[in-house]
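One structure is given below, represented as structure tokens, and several questions about it will come after.
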């Protein structure tokens, strides 16, 4: 599964994308797995209300299931326009 | 006092403007005076709800006083834009 | 604030660029361009626009000033043509520039409502069958109540 | 319907004219152009816009399709830039064409609200003091509830 990071989340994690093997069932499970890696990840994901998630390039929810998903992207609220 | 007519009112009256000497106190009085002239005027002014009036180039009401007014314009509802 | 009432065609794109370049501190520019629509099924030869010289400029200036007072705007542009216009021709244009987008949108929308029903313009449709004055729409009058 | 996500500058006036010329049956065209504003007091060196290639085009296409479904529109144009933009530069543009003006206004307003808060773009302000990610505004989120 490809995981992408954008904006300040990308800067804090230190990479724009990475490939992970995971059995996580939901986005929230995946976040817990990533946060368990080290303090950097834990800090980046500390406040989920400040983050958004897209599954296969579609905005989604942290409770959404990951079955069949190939690309997960995490990022702060968008500021386009 | 100058009286101006626009759009279909101008076409029905037959002139775009005319100069009248009048002692009419309100727009409504002036309309009554003009309507008394002949059937053409009477027909043109028959339905005041279909007309608008401007006094010295400012939208006004048929009950407005004419004291000091130099230019009165009658016309149908506007269709700009 | 610029108000123009003219018979000549104008280049909406060039006007938009010029207006945007001159609008200091604006974060957004909204424009509306009105186009002569053909009649359903075609057949419109021309749209003739009559106006009330003097009052037109005065009314448009008043509307623009009211918009500048009501919203925090950097600038306002209004161009309105008169005379005979072919189907597809541009009739008029409004542009508003503002620090915040909602102000620019609302002010342009407001100006259009006033232009439609309170500026002394009258439209006449010329077809092979003759000429008809366009009737004012109840909807346009109702739109004014929003402000 | 045309969606463009690009690093290059665009000419808003030329785009408006091209879009208007191609919008069959439209009685009005509304455009919104977003401009990089300097910071209060100046000092902005650049606004850097990051985006999510792939999802951005998808999201903008979805918003435009939703607008076409919700309002009777002749056409929709969305252009959004990414990369480093200087103060005064144009960031993005939305244009809507419709038989009736209110539809064009509402659809453009709607598209802007979605672009602001639901399209995957992130702005970063670069000053002499450093770089700061622009925070999302509660107002922009609230604006979405209008639709």
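So that you can tell them apart, the chains are marked A, B, C and D in the order they are listed, and the count of residues begins at 1 in each.
Heads up, the rule we're going with is that a contact is a pair of C-beta atoms (placed from the backbone, for glycine too) under 8 Å apart; a residue touches a chain by one contact, two chains touch by 3 or more.
What you see is a predicted model; the values in this text were computed from it and never measured.
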Query raised in the report: Which chains contact both subunit A and subunit C?
Result: D
Query raised in the report: How many Å are there between the centre of subunit B and the centre of subunit C, using C-alpha atoms for each centre?
Result: 26
**Report entry** Chain centre separation (subunit B, subunit D; CA means) in Å
**Finding:** 48
Query raised in the report: Do you know which subunit C residues sit against two or more other chains?
Result: 34, 101, 112
Requested in this report: Going through subunit A residue by residue, note those that touch at least 2 other chains and give them in order.
Outcome: 81
Report summary line: Each pair of chains that touches is included here, namely A-D, B-C, C-D
Query raised in the report: Where on subunit C is subunit D touching in the complex?
Result: 11-17, 20, 25-35, 37, 90, 99, 101-102, 104-105, 108-109, 112, 143
**Report entry** Of subunit B, residues touching subunit C in the complex
**Finding:** 4, 6-8, 10, 54, 57-59, 73, 75-81
Query raised in the report: In the complex formed with subunit A, which residues of subunit D make contact?
Result: 34, 49-52, 54-55, 58-59, 80, 91-92, 112, 115-124, 133-136, 141
